[in-house]
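A, B, C and D label the chains in the order they appear, each numbered from 1.
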Amino acid sequence: MTLDEVLVGLFPAGHTIERGPNGTVRGTGRLDEIGDVELIGIIDGTPLGIEGALMLAAHVLTLVEQENRLPIVVLVDTSSQNMSRRDELLGLNEYLGHLYKCLAFAGTQGRRTVAVLYGGAAAGAFITTALSTLALVALPGAEPFVMDLPSICHVTKLPLDQLNEMAESTPIFAPGVDPLFATGAVTERWDAANSLSKQLVALLQRTSGFGDRRDQTGLERGGRKQAAAIAERVKDEAAKHA
Amino acid sequence: MAQWQKQRSERQSRLEAASKYSDGKLVSAENTKALLEAVIRPGDRVCLEGDNQKQADFLAEALASVDKSRIHDLHIVQSGIVLQAHLDLFERGIARRLDFSYSGPQGEAIARALAAGRIQLGAVHTYIELFARYFMDLTPHIALVAAVEADGAGNLFTGPNTEDTPTIVEATAFKSGIVVAQVNKVVEKLPRVDIPGDQVDFVVEADRPFYVEPLFTRDPASVTEEQILMAMMAIKGIYAKYGVRLLNHGIGFPTAAIELILPTYGERLGLKGKVATHFALNPHPTLIPAIESGWVEQIHCFGSEVGMDVYVQERSDVYFTGHDGSLRSNRMMCQNAGLYACDMFIGSTLQIDLAGNSSTFTSGRIAGFGGAPNMGSDVHGRRHPSTPWLTAGREATGNPTTLTRGRKLVVQMVETFGEKMVPSFVEKLDSLAMAEELKLELAPVMIYGDDVSHVVTEGGIANLLLCRSADEREQAIRGVAGFTPVGRGGDRKAVEALRWRGVIQRPEDLGIDPLAATRQLLAAHSIQDLVTWSGGLYHPPSKFRNW
Amino acid sequence: MSIVQPHEAHWFEASARERIAGLLDPDSFTEFLDPSQRAMSPHLAQFNLTGAFDDGLVVGSGRLKGEVVFVAAQEGRFLGGAFGEIHGGKLVGLLRAARDLASKNGPRGVLLLLDTGGVRLQEANAGELSISETIHAIIEARLAGVAVVALIGGRAGAFGGGGIVTACCSRIIVSQHARIGVSGPEVIETNKGVEEFDSKDRGLVWRITGGRTRALLGGADRYVRDRIKDFRAAAIDLMANAPPFSAATLAAEQQRLADRLQRYGECRDAPEIWRKAGIFEPDRIADISDDAFLAVPRPAGASHDAR
Amino acid sequence: MEQFQVRGTATRRAPGSRRQAIIGVNASGNLEVLIERVLPDNECLVEVATAITGFRDLWEAVITEFFERSSPGGLRFSINDTGARPETVTLRLMQGLRIMEDEQ
């Protein structure tokens, strides 16, 4: 979907959007049922570099200061983090970490934060923009991935055919929305046949609190069967020891 | 009427032919080829200076580019066949016969050229063996040497890498030959004179400094725990046992590991000042921590090592230096020290057989010998006694008397498997098959088994001095050959009996705790640590930089 | 007995377990989900890989100068210390336990001995998600008043998601070996070409990503020699006064990162930054000894509580 | 990947009171060994998981020699390996045995 289609679908009652540098956007959307939501995002498949991350973080911090506690929707169509020697030199990890912390902080302050992934997102950019919110929604056309199969092929020396076959049977490494849904990363998959707006309203109404239940979700969906239990076992041993 | 001065008059005519290309002794880089064409005659014996370290590379390339209709069928008599230009001489037909010592990186190319008949091989020598023949039947007509600086009178300053130059020049200049030197720079006044100008006929200022290979630099980061375990066994079971103070080390990682744990493990054993005090050895960077910790009293060098010049200069109490301050190395002298003054040689090998013969000639490669066979041999001319020498000699015989001569300790450190799990222990050396294939009269052996006193592997030490029969030697070697076919082919009972007699010692027999064999034991973990140990005086080449 | 005592040992050469042994008070460590429980990755066999009995992460509790701390140490030599499902689950569980126990005489801090190339590609989705869960859990622990201190100086550094995790900790301790970044030099070279980043130029790699650059730029709070005892001393010191996770901290970080971008945004190599920062002999920073480096005054903005 | 076990008999109980220990790292050319005191005093066992197939015979030789050399009664050794050389395996087994000698 294009950004315009996404915005019209999500906010038939109206929206404003302002494009900034480095592929960043900010604005507001109107939902009849619950009123305004704040919009930020990175679009056009722009890699997320230090400028973009810093700018988005600034938007988030500004929003968090406001009393109104409006939900924040993060529109995501990026590629990966910006692969650049200069960005790495200047500490890209800190800029991405800062953005993550700002979005998470908003979540801890009672803000409902939802990432809407309608394009690409990979690796560090995926973590920072799409996994840092309380919920992640994948729209048609969303193409998240952590590692692409040719790269996995290159490192593991396994033939691509075999990897493709393996990807069919386990969601643990394969790129795409469905495997990431199964593992608990993607909260919901929306299709365009239903009203995006209604689905957003419903999601926002369900979303509250900063608690992280994605390992439980992964277990329930059968895509990540161990993580939750392992975390619990460590917690139990720690509690016994303390 | 008999002519007794033909060589002098021949020399004179060559010098005259060359005079139009020189200004006094100085020759421009552009005129170098013409100069060589003027002074060299077909069939000449030519020594192009080059060994496993320094290379007269500019002159080598000039020689490889001469007109082969004028110069051909040369007989190359030199330490190293290392550069592409050296091979080109034979590929182009400029040279035909070859007597040499070391080939290193060109081992495969030499084997191919030999098989194709482009090289007529005289022999593969050790360094000093070839040097010796320079004074007998392989005296060069032409010596093409390398130095750092020259003055207008032809005096040469070789810098720290003196190496073979004095020997080559001596043999050539005093037998009416012609000496051409490439230098990095012609200057008014030299820091010191390594070669007097009246032994040098021509000097060329090359367009670049002569090449030096950093052959003796081992990165501590690549030392393995197994090598550390071997090093611990060697120190405790050999250095300490015999009290070895005068010695030579090979260039492999196991001996680098020894150098790196002297200040830690050796210190713990209380051996400082008691072992490893005097070396015939190049300036190994891995020895820096031991030197800085006060272990080493004196080192004489075959050559220098890239990056070590400033360090050596600042440690003149340890190294031999000129009055200018920089290292003076000399391969001939140092080899002699290794032969007659060292009580021990310890080094690695690629392949060793059931009798302890070892070789670095593996199929398809003629690697040459360099100096190892001299370091790794017991020289029968030795007469001065020392405790390790006498102890070894007495171990080797059942009932020693005052007539029993001593023995040099010749220790082979062998990791049971080499690259790609190729066993290092074999029933038959590859070099035997190669000798048959190339119809060599003598199969190339780096160190003969009867010179070897000890074999050290991850599995233990085999003391061959204590073996009383060929069969015992074989079982002792099999007993430390680990899980190679040779090791697994050992007679278990015989091996256990040898262990009981102390001929074979496992780490636990030596009281070595396997938990201590970690990289934490290394006094330096990286090249950068060596730089730190040196107080910033060691300047490693950039290819070793990893920080 | 090992000849080198645990705390005298070098961090870089030590295993995850050796680091913990030397870092904490002697014999104070209790491991959670220890190797005998064989909590191993179920995903590696299909790639013909064998696993590790601890899945490359050692977690547990111990004391640091008497104070209770939790500790997690990645083994950088097992699959590059990468995050997988079990590995990540253990780390997340430990951080959540610290959060829950903080108010019940629980740990004062969590020490994260990071040594990771990022996500384990054989279980990439689980790994990526566990990195996000780790950051969530770090934030929750910090909100509960637990200091989370990253200690980095192993052969894998802290890359990919590991670099982002680092930046979310309360405090960061590095040695020279600590390469920290998001995209590894090889990845950048593969994607953008050798002109952008020549990963074979090791000096360049260290100037761009190494511990000295991070320390001078403010990407790390403390630079230490490569000895476990030096990491220990720094951890004791820094755990005591870690910044809270708050609006003020984040606002300060925003300002700090904006200032850095404004001051040095044009620079493409570290010495350019040091020159601008007025550091004496900027080209020699990589070459001087640790002691000399520790004496280099840190530029404006490098020391801060904005993390 | 290949998994198998090698059993042995021991002439004595391995000394020490430690219940379990782990040594080494499963990395290329390396291995980790988990040692547990869980068997009767006259038994010993090594369980191997290796990423490199086709060397079972060599493994058995290494392990059998280790049993004969050190008689580690009561101990189970579990190995995760990625192509360690035989000498590395022996070193790790010896190290593991040595750690178990510590009194706890």
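The rule is short, and it goes like this: a contact is a pair of C-beta atoms (placed from the backbone, for glycine too) under 8 Å apart; a residue touches a chain by one contact, two chains touch by 3 or more.
All figures in this text were calculated on a predicted structure; none of them were measured in a lab.
The most central chain, judged by C-alpha centres against the centre of all protein C-alpha atoms, is C. Taking each chain's centre as the mean of its C-alpha atoms, subunit B lies 45 Å from subunit C. The mean-CA centres of subunit C and subunit D are about 33 angstrom from one another, to the nearest whole unit.
We define each chain's centre as the mean of its Cα atoms; on that basis subunit A and subunit C are separated by 24 Å. The residues of subunit D never reach two or more other chains; the list is empty. The residues of subunit C never reach two or more other chains; the list is empty. Multi-chain contact residues of subunit A, defined as those touching 2 or more other chains: none present. Interfaces, counted as pairs of touching chains, are A-C, B-C, B-D, C-D.
Subunit C contributes residues 1-4, 9-10, 12-14, 176, 202-203, 206, 210, 286-287, 289-290 to its touches with subunit B in the complex. Taken together, the subunit B residues at the contact with subunit D in this complex read 225-226, 229, 415-417, 421, 457-459, 482-483, 488, 506-508, 513-515, 517. On the side of subunit C, the complex with subunit A involves touching residues 30, 32-33, 39, 42-43, 46-47, 59, 61, 68, 70, 85-86, 88-90, 92-94, 96-98, 100-101, 104-107, 119, 121-133, 135-137, 139-140, 143, 158, 160-161, 163-168, 180-183, 187-188, 191-192, 196-197, 207-209, 213-214, 217-219, 245, 247, 250-251, 253-254, 257-258, 260-261, 264-265, 267-270, 273. The touching residues of subunit D, counted against subunit B in their complex, run 58, 61-62, 65, 69, 85-88, 90-91, 94-95, 98-99. Touching subunit C in their complex are the following residues of subunit B: 264-265, 268, 513, 515-516, 518-521, 525, 531-532, 536, 542, 545-547.
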